[in-house]
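The structure follows.
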């Protein structure tokens, strides 16, 4: 097991290395005069920063040489200086990651908690009205762009009914402290999370359903029934544990889409998170931040995959490393 | 058949199936039912189970498949019965009908009854009418089943012990954990694989033969009255097959349960069975004691089967094979299903499906050829 | 067993990351709230706030902050909004845009061709930390603006104040010094001989070669030259002669020769991307103290509350430049201030301290929190708390109607006005003229032919677009200047009206002819590349649509680039577009030099005319209003004749108020371009 | 005995004939049968057919152009088209016109016919969907096929590459690439092609992974070993024998992906890096929903594109689901 983890970590590093090459070459393909253009007109950006960016991406050096020096910097945690914030990218990421993480992880947990039972119910009643309804609603959730959902839901829940705040992270008017502040945060995060969950649950639910269908026709489920186990236990224990295996692998893969989604959701709801900053940096030509953000997500994704793989071994005894 | 007709036909089938499914779903929803609905009387209290004109149909998209079409036989207490036939003849479906494990709503018991003698409770129940809750008490407890494919019948993510003890705990709710474990070990010992740490192993850590033994142990764990073994050796190596068969035979004497052995392998039947039922296309064509069937086969199909079995010490140029294929199970003609492949068929065979006729007290056959024999004897 | 342990470990690890992720802000680390609990709190909150007299926080909806809350350095108007609350200015604008006394007074008198401004402060002013306000604080601001390394928005350092140039130029980046000193310099007071030698013999030629190579590469990309070594052809395309087989260095030398050694000019004019000096080693950008001028002679402290500023020449907005300035506490910002080093001042950009109506509390969660300054010289503000919250443009109206915010400025449209009228019980609004205008500009370098430009002008159908987009909220203007400026010639007639036939005539005059359905000259089709920001919601979009259609009919092509605003700005600045759609804002006077002067920093149309320059210079020194207005009209006519700027509209700005929370009667009686709620924030009350 | 043989022969023939008369179906027919029994899948197919007709044929029927604007006489309220000779002093642009006979869904904020733009927009959205999926299939099948067939080092390298592309978050990467588009001065007409290519390149990893998995399992199958023993060329083996057997799953992925690509296009348009003005796509038309005034007052502008996206993506998903259930014989009842 330990050996396997070590092997996986090594492989992750290799992948990360390849990702970095890819990202670096994208940064490299930014035309030089574009850097000058984008940065030249902005008084915030000093020639030093321009120079720093050229240096960072080695625009003045050969590809190989440039990459080596960039990698060296990156390994030391230097992903460049954000043009917009005039701070090291790593610091910017640190200071804005709390809302993004909260949003992403709560949504992920909710998605899993909802998708699994619903997927199982749909599978149990394949081709029934219940099945059709659950699947149709879930797929509808993934059939509209998130900004569309967000706008319409906000129109309905916030502006129309006034149940939830329209945007922002806290109620500006009130000076909440302690638990009230926490509740206030929660209220502001509810709508973004709903949007996230609606948008993410369909894929997972469908996956659960398909796997459940597969498992339900497996021999060992028939065996379990032949033992006289009540249906509840057949599904809840024997079938469920087996559907869990593919689901675990899927969860690790959800991370990139969660963070991609943050770009839109945070923008719409004025949440100060990494996604919104990323969106702003496009408008500001803040390439160092965008690169750093992508690198950050790549690392998270790899960690997610790693955890998935390890969990995979935990839930499936057949997997031995 | 023109395309239009076919379309029309499919539409009719669909409509018909929809009706059947609806009925089925309605029945399934009933978890409990008054005892009077399912408690019944055995024809002979010596029997553990009696099949009476059992009809199990599959309502598929292209028509109704009569997988089991009016099968009647019984199993005596403590006896072993072998059910023989080519694949697709309905023998597995018969066993699943007993267990109530048909894939609903497509597969349903369409008629007849399966009377099961609950010796302990001094009553008999009709399994086809049993509500789900009652069924769960019988499955795995009074009737247990050994499946064909040991590789997939065990749940890969639970340990052997877990799966074994689960069954014991379920049917013995008052048992303590320690006793359950002891019982599990006992059953493992019975099947000859008791070893330290055995209970903590996962199925994938065992060989095929070992797994089948675990499956058998599971079937034995609650002292069932009836064990249904559905091709228990087919998926195994020849040497392992022999071991498992030895084991089964050994156990048969030890546990005093009835065994319903389903197989296409006549050799296995010859070794194990007291009685033999030969099925073809969902119907019983011949039944009798092992002696009756092996030494006095009456039905042309049985004869064909016997001929196709290689015998030690006999020289044949070519192994015999029954000509033709098993007929398509949908909309079978009215006449004898075997007629088209039969080498001995006579003009009378064109008529209605032949009745089952008794050749002796134990030996019954369904063939026009033998009509005269009965008469002759009489 | 091992596995079970591992899974527990993993769960713990995951929870830990989650906690770390949410550590600094307790942002909803748990799952969503229990909905019943949520509604309860909402009800409570609603109850508490509807009781009369309980609103104690004014929330202003604004847009993204840069977080630079310093009146000396802020760039974004939204940061400026916050600064206005925290700092006081000596003088401010009244509703008519005239400079009036605030914390002090300014006077000007002419003395021997020089103009002396005397600034006097009120006595008894205090900063919010209790320190008294003195004239040193104002002078400190002047010195920050005039610092050789100042890089903020203010143009104070360029004013014609006595001694200003000496002070500003008393230090310069090393390369500039070296360049000015030339290679023959023998004065090594500020740098040593080796540096100079290395600069002129190695680094400059290297940078020059790189600079030239960039041009060559550009030519190669553009297809003018075959490959990167084909310097000769590329130079030819660029207008220089370099012998066959010449190197990039030769090319550079050729350019140096052509510019007579004026490298600054060379770099600005010829650059294919990088400036020549960007290509130098960064060490050369360090500032070098040239002279020990440590004072601006024109700025003199008279006493603790008075100073004078002496201008060498007349400046029509001199009073504003001198007195419409914030009082920044020198004892706070200037502790470590040295000439040539503003870092210590900038370090306080996120912790402002002033003498304004409010004091800074915090900036987090996208909200700037301010508290009333009890010692404010106009009286303590009535509303104890003031918050600026970043909101989305699209939700501003809803936020007001929902009561989340109290004041904000959505972009004015007929629908918003209608919605406000509909909700007259809940909200109020005011409309003021925007001190700016929208225009379509043409780059005279990319479209050098006047007739082509005129033709393009004749294809711009402005009225229907502006009318249908803004209705009553905007008007079509005929000269490139905002009508809120008094000098704007209100009776100006349209120069180019929409007339496709006439446009075609112009094009033909320019030498274009229609061949096979294409409008061509020398075999090349007329293709105009235009940039517009966020086209899907832009009033000028229909103009371009019609234009593209008409040009397609003629056989020409209009390539419309829908760009993000920042990108559009960059492309306009980089001269990459033939035509662009943009707007100017925040104009307070009739000074046009930035946009139309030959040396103007915003002269993106690259049209240079001595005549216009002369007029502009004259305007800036003409103190008499009527005379000045006439000159302005003349200047604007010249600009129109050059067909480089098509003014499109001047619209209204909107401010909307939450009538439930706000006592609307305490808003200014007259809200104008120059005067809004913020101008008398201390009088504003809440219900 | 002779007699009997004759009879048997006759009887066997009889049986054959009888079976011919039965309702017999080929595997393909069975799949189709199972597919069409799924009601949602049928609905999906119907929607896609209608949408395609709407987008392909629609523009030929519509009397208006994609970016044609309409003028309105401010005094009389009579509408004019942009080609007419007009007295411009009287004209306004007919923006946000309500639903009328001339404009079935009114006009948008720029005075263009919404209904017509829906047709053109659908063309773009569907084209983007199909082209991107084709690109990702080409790359994915090729690399997945190689990885699955050769295994070992080739597999290792390709799978790492797959992981690399998995770790790239789509939207943020598109944000960076959009600055590249700007940097390289790509004009709006060509931008859409670049977007399609880039999306295809970013999206192939899933296909490759699936194809590889399929091929790994197929390779072990007997028929493949049979093919192996005949000594046919490797490329032929991979792309003639192995890949076609992965077709069902590939078609499945393709169907599902078309839907998600259409969604991605709309998100990109929302972020301002997608299909640029003046070209219509359902995505950039649906963006109007974020304008709260349009959301409130002009459902005829924002709802139709949203609805079409919803229906189309839903349809592709339904079809995909139906196909999966139909292809998988274990799922039959």
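Odds and ends about this structure:
Labels A, B, C and D are assigned to the chains in the order they are written; within every chain, residues are numbered from 1.
Everything below uses one rule, namely that a contact is a pair of C-beta atoms (placed from the backbone, for glycine too) under 8 Å apart; a residue touches a chain by one contact, two chains touch by 3 or more.
On a predicted model such as this, the values are computed, not experimentally measured, just so you know.
With respect to chain D, maximal separation of chain centres occurs for B (centres as means of Cα atoms). The chain pair A-D and the chain pair A-B differ in C-beta contact count, and the higher one is A-D. Chain B and chain C, compared by their mean Cα positions, are separated by 87 Å.
Separating the CA-averaged centres of chain A and chain D is a span of 24 Å. Chain A and chain B have CA centres that are 52 Å apart.
Chain D has its Cα centroid 49 Å from the Cα centroid of chain B. Shared contact sites, meaning residues of chain C that touch two or more other chains, fall at 395, 398, 564, 567, 571, 576. With touch defined as above, chain B holds no residue shared between interfaces to two or more other chains. Contact with two or more other chains is made by residues 179, 182, 272, 287, 290, 292, 296, 333 of chain D. Interface residues of chain C facing chain D in the complex, by the touch rule stated above, are 394-395, 397-398, 413, 415-416, 419, 461, 463-465, 467-469, 497-498, 529, 532, 534-537, 541-542, 545-546, 548-549, 559-564, 567, 571, 576.
Listing the residues of chain B that touch chain A in their complex gives 99, 101, 132, 135-141, 144-145, 147, 149, 152-159, 166-167, 170-171, 202, 204, 215, 218. Listed in rising order, the residues of chain A touching chain B in the complex are 218-220, 222-231, 238, 241-242, 245, 315-318.
Every residue of chain D that touches chain A in the complex is listed here, in rising order: 38-40, 160-161, 163-164, 166-173, 175-180, 182-184, 259-260, 263, 266-267, 270-273, 283, 286-287, 289-290, 292, 295-296, 306, 309-310, 313-314, 317-318, 321, 324-325, 328, 330-331, 333.
Of all residues in chain C, those touching chain A in their complex are 2-4, 6-7, 10, 14, 18, 21-33, 37-39, 41-42, 45, 49, 55, 57, 59, 64, 66-67, 75, 151-153, 214, 218, 272-275, 277-278, 282, 285, 365-367, 385, 387, 389-392, 395, 398-399, 401-402, 404-405, 564-567, 569-571, 573-574, 576.
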